[in-house]
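In structure tokens below, several structures.
Shared between the two complexes below is chain A, which pairs with chain B and chain C, respectively.
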Partner chain A sequence: MSRELNVEALARVEGDGGITVTLDGKKVKSVTLDVHEGPRLIEQLVRGMTPADDLNVIPRICAICTLSHRYAALRGLEKALGITPPEKTQLTRELMMLGENVESNSLHTFLLALPDFLGYPSAVAMLNDYGDDVKRALRLKKFGNHVMEVTSGRIVHGENPIIGGFGKYPSRKQLDEIRVKAQELVPDAVRDVELFASLEYPAYSEAPMVFMSVNGLKKKYGFAGDSILISNGKEVSCEDYKKLTNERVVSHSFAKRSLYADKPFTVGANARMVNMGKRLDGQAADMFKEHFNDRWLTNPLYNNLAQAIEMLWSLEHLPEACEAVAAMDDPKIAQPTRLTGSGTGAVEAPRGTLYHHYEIKDGLIDVADIITPTAQNLDDIERHMKLTAEKMLAEGKSDPEVRLGLEMVARAYDPCISCATHLVRLKRV
Partner chain B sequence: MHKLRDAPGETEAGLRAELESVAGQGRVYVLGLGYLDKADDGAGVLVAHALKKLFPSYSYSEHDGVEGTVLDISEKKEDATVFFVDAADLHAPPGTIRVVRREEIDDREITTHRVAVALMAAILERAGKGCAVICIQPETIEFRAQTSVPVKEAVGKLTAALSQVMKVRD
Partner chain C sequence: MTRPSPKIGVYGFTGCAGDQLMILNCEDQLVDLFGATEIRSFVMAKSDNHEGELDVAFVEGSISTEEQLKKVKEIRERSKVLVAIGTCACWGGPQAMKLEEGGYEERYKKVYGNAKIAVSKAFEAQPVDAFVKVDLKIPGCPIDKAEFLKVVTKVVAGRHPYLNKSPVCLECKWKENTCMLNEGRFCAGPLTKCGCGAICPSHNIPCVGCWGPTDDLNVSAEYKLLKEKGYKPEEIMTKIKKFGGAGVAKLVKDLEKPKEAKK
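And now, the complex of A and B:
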């Protein structure tokens, strides 16, 4: 007997996509994450532009990780142009990334992922019982937005970070305000970690995983690097990103897919914790040591707890980042040393490793290649959703329970397909 | 699709009367939503920017941080109503303005690019504040296109009506 079961408007993930589970009795024939959103061809759009114009277009890819895109573009373009940015520039960029991390992780953990774990259909429904937690998340998000605004010039699509430097550096007063506020919010972030550590993480999706993240600069925990750490112990230059991502096209999706050594892999906060967790310090390190266990290596749902710990780390590091920036005089904007060259920028967006590769010829963009975290995660999302469907159906779980299990896996990756509605489709044949 | 009232938005006076009936006697805040790079999608932001010149402490846009603004208003000890202004597909002629009251705001969270309006409305409601969404029907949301003529007119009409409502409470 065949039947089809639809759930419309799967909210709380980014973008226009859907999930199709095809079942034959209790046997799962396939699980696909279908990306319906049309290709935006942005890599073609920027061909022939100057690097400065490219920088104004590229971050429009996303309104949440806009600074990650800008930072990745800056790193790629500056490498291609032979620019070494001044230390204050690098530190201010780190500051803006800390802000974006707080902003994005607070949104995802509390307002997108948490309702599932607590049995609510949405954050709105949580308000009566968890009103203080929701408002705490909004305060954190507001603060993250503020850091982004101070450093980049605007909350969304700020254009203050430019090639070779910043249009204007944050003032001492602004930095002092961020430093004080970050310290005030640390206890809130600790409570968030405790809340996420107290949740029950279903085991349906568990299977050995491969994790990738940048190797933070100066071998510290961080959101930018020149090489990629793989949880199998290997390290690869980010210039060789194509060997890691091996992009391919599939028929059911407008987003390309990635495989490493013919297998799916995961990027994101969980991957950063697996690869760089031992580099954490402060209370974030204490929390990591207390809560990290082998299940993190197999269960994508732990990405939520990883994001909470990372948000704490970001808040703890904002004061010292502010101090470091404030202690330096504003440098001149670094200028290109060549007009033809290539370079790859790799940064850690909140949802995972983001690559921007550029080839510049006579001062104009000749090739642009962007590989987003979600494109890298899609195959692993499908793999873990299939496991979830198989195990839940084998246990006789109802369709609504299976759908929720699948949605929790998809949401755990904090996917950013970009804008609009979603659809989960459970097909029984 | 939200259930919509048949708002008397055909004239500025009618629109103003509708807004007055929602706002009650308390302070009025305007929060404009949208994306200026996508033509008419930025209508709400245009309204907020125009009102900001007249009421800088009471008019905000997406660029000011939506969640933070709502959080701040919710914690103020005053009687207040927040009007969110946004472009929305009303299946109506371009430039049509409709007021969607709090009880008609769908609780589903459709967008994640920022926190859903439904959540912000619920937070305001818990804090004893009123709110409504003023929707403007776009003609085009094409990237980098100009704001259409009917939406420009709607922005002007709504700005005038809101400024009258805000003025008597300033």
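And now, the complex of A and C:
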């Protein structure tokens, strides 16, 4: 007898998706993460635009990682146009990424993921029992938003970071406020790490994993890089992103897509910790040493703890980032040295590596190719969901328990379905 | 006697989820908001969602699949008031920038090939009011927190909120910014609904038009002005249509044809 087990609308994620488990008797035939989100065809719409116009439209792919999209686009477009951004521009971009990391990681860990572990339908429903924790998370999230607003001009879809520079740099007063506030919030972030370290991470989905992340600039832990680290020890230039992400077999089945080196892979905070965790410093390094263990290499649920540690690292680095920016004079906007060229930008969005590849001809966008972290993670999400379904059903768990188990795996990846909508192409072409 | 809490639903269609995110970004009011209203459905924020009759439905995003079309009609039927939130819901958003040009099928093919997508049939994105009656529009990319909270408090009390009617230029004057059009820079401020606080011009960046068209907009005057400043017609069109969607589609069509034919 075959039957289906559905999660029609996957709640507490960004975008419209669902999960379908197809069972043949007791055997799990397939588990798919379905995307219902409508297509926008944005890569086609920006063809023929100027790079500046492209930069207005492209970050609208996603609200949560809007600055990651903007930063990836800037890196790709500036490479194509032969622009080296001034040092202050680079430092201010790094500052804005720290803000986005705090905002997105606090939103995901507390508001989207934590209620599952504690048995609540939402963070707001946790208020009576976990009021301090929820309010602490909201404080962190608000502060992350504030950093994004000061650097990019607005909480969401700020236009201030432009090609070659910034419209306006943050003032010393604004930077001082951020520096002081970040220092104040460090103990909050430490408590968050302790909370996420104290959770029980079910072992249903455990299986060896392959992780990818950028190799941070100047070989430090960070959210941008020109090459990609793979947990098998290899390193590949980000210009070769297609080899890492697009080697996909033609298939008519929902469940099968192509893989890197015959294996699905994972991007995200856990991947960054696996590849660059030894580069962490401060209390984040202590926390990492205390809590990192072999289960991280097999269990995607540890992405939640990885995000909490990363949020602490970001907060600890905000003060020095503010000081570095404040110490420099405002540079002129760097101008293009050519109008035809191509380039790929790779950055670490909170949920994983994001690629923006551009080909520019006579000053207009000819090709735009965007590979989002969720599109890369999909194969591995489905693999770990299938393992979870198999093990939970074998143990005789009820349908609601299995559903929750599957949702926890999907949510641990912090999926961004709006971003990943064009992944449907990857399944079917 | 206390009044029953107003029943609210928050829904997202094709877009970036930024307007729903802005609701979650009301960190200081979020707890009160969930306390003062009965949030029946908000899939992005919680998992215990109940679809039934609503006092107010907030709808984000444009409509671009048959499945969404069915769903938005169904939401309309069970909601007393339907509020479109964000530029995508109000005007279609960037994905509707080529509404009056056609060519959707071709672009779709370039992305998805000839494969049949089993999920739902897709079509060119359109604003919510292309399909169902919309009672109020809160534009923005994304919406402004303060404006959203203002509308919520009025609407749940059964009152009509005041909504902005002026272009961004008004807020630029309040901020004493220098006019960028006078400097020859391409600013979409005169065409764009205010409410953002003229953020971009205040950062020395011309308005990109992301809040969509303002009331009584004069597209032909802006077009003429920019042409005089030396901008190419194609570039002007791209910038006007980028966020204008259904709000400018017709105006742009009327504008382009006779004038471009003479050239």
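As a convention for this text, the second predicted complex is superposed on the first by the 397 of 429 C-alpha atoms of A that agree within 3 Å, B and C clash if a C-alpha of one lies under 4 Å from a C-alpha of the other, contacts with A are read in each partner's own complex, and residues count from 1 in each chain.
Note that contacts are C-beta pairs under 8 Å (C-beta built on N, C-alpha and C of every residue); 3 or more make two chains touch, one makes a residue touch a chain.
What you see is a predicted model, and the numbers here were worked out from it, not measured in a lab.
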| item | value |
| --- | --- |
| Fit or clash - chain C, chain B, common chain A | clash |
| Touch count on chain A, higher of chain B and chain C | C |
| Touched partner set for A:64, first chain B, second chain C, both or neither | both |
| Touched partner set for A:156, first chain B, second chain C, both or neither | both |
| Contacts of A:146 with chain B and chain C, given as first, second, both or neither | first |
| Partner chain in contact with A:122 - chain B first, chain C second, else both or neither | both |
| Contacts of A:138 with chain B and chain C, given as first, second, both or neither | both |
| Partner chain(s) touched by A:347 [first = chain B, second = chain C, both, neither] | neither |
| Partner chain in contact with A:56 - chain B first, chain C second, else both or neither | second |
| Among 3-11, 201-209 or 255-263 on chain C, the segment whose C-alpha atoms clash with chain B after superposition | 3-11 |
| Overlapping contact positions on chain A, where the chain C interface meets the chain B interface | 9, 11-14, 60, 63-64, 107, 111, 122-125, 127, 138-139, 141-142, 145, 154-156 |
| Chain A to chain C touching residues, read off their complex | 9, 11-16, 34-45, 48-50, 53, 56-57, 60-64, 66, 107, 111, 115, 121-125, 127, 138-139, 141-142, 145, 153-160, 162, 166-168, 254, 407, 418, 422, 424-425, 428-429 |
| Chain B-facing residues of chain A, complex | 9, 11-14, 60, 63-64, 107, 111-112, 122-125, 127, 131, 134-135, 138-139, 141-142, 145-146, 149, 154-156, 419-421 |
| Residues of chain B defined as touching chain A within the complex | 35, 37, 62-65, 67-68, 70-71, 107-116, 118-119, 122-123, 126 |
| Chain A contact footprint on chain C (complex, rising order) | 12-19, 21-22, 24-25, 27-28, 30-31, 34, 43-49, 61-65, 67-68, 93-95, 97-98, 107-108, 110-113, 115, 117-120, 122, 125, 141-142, 145, 196, 199-200, 202-205, 208, 210, 234-235, 238-239, 242 |
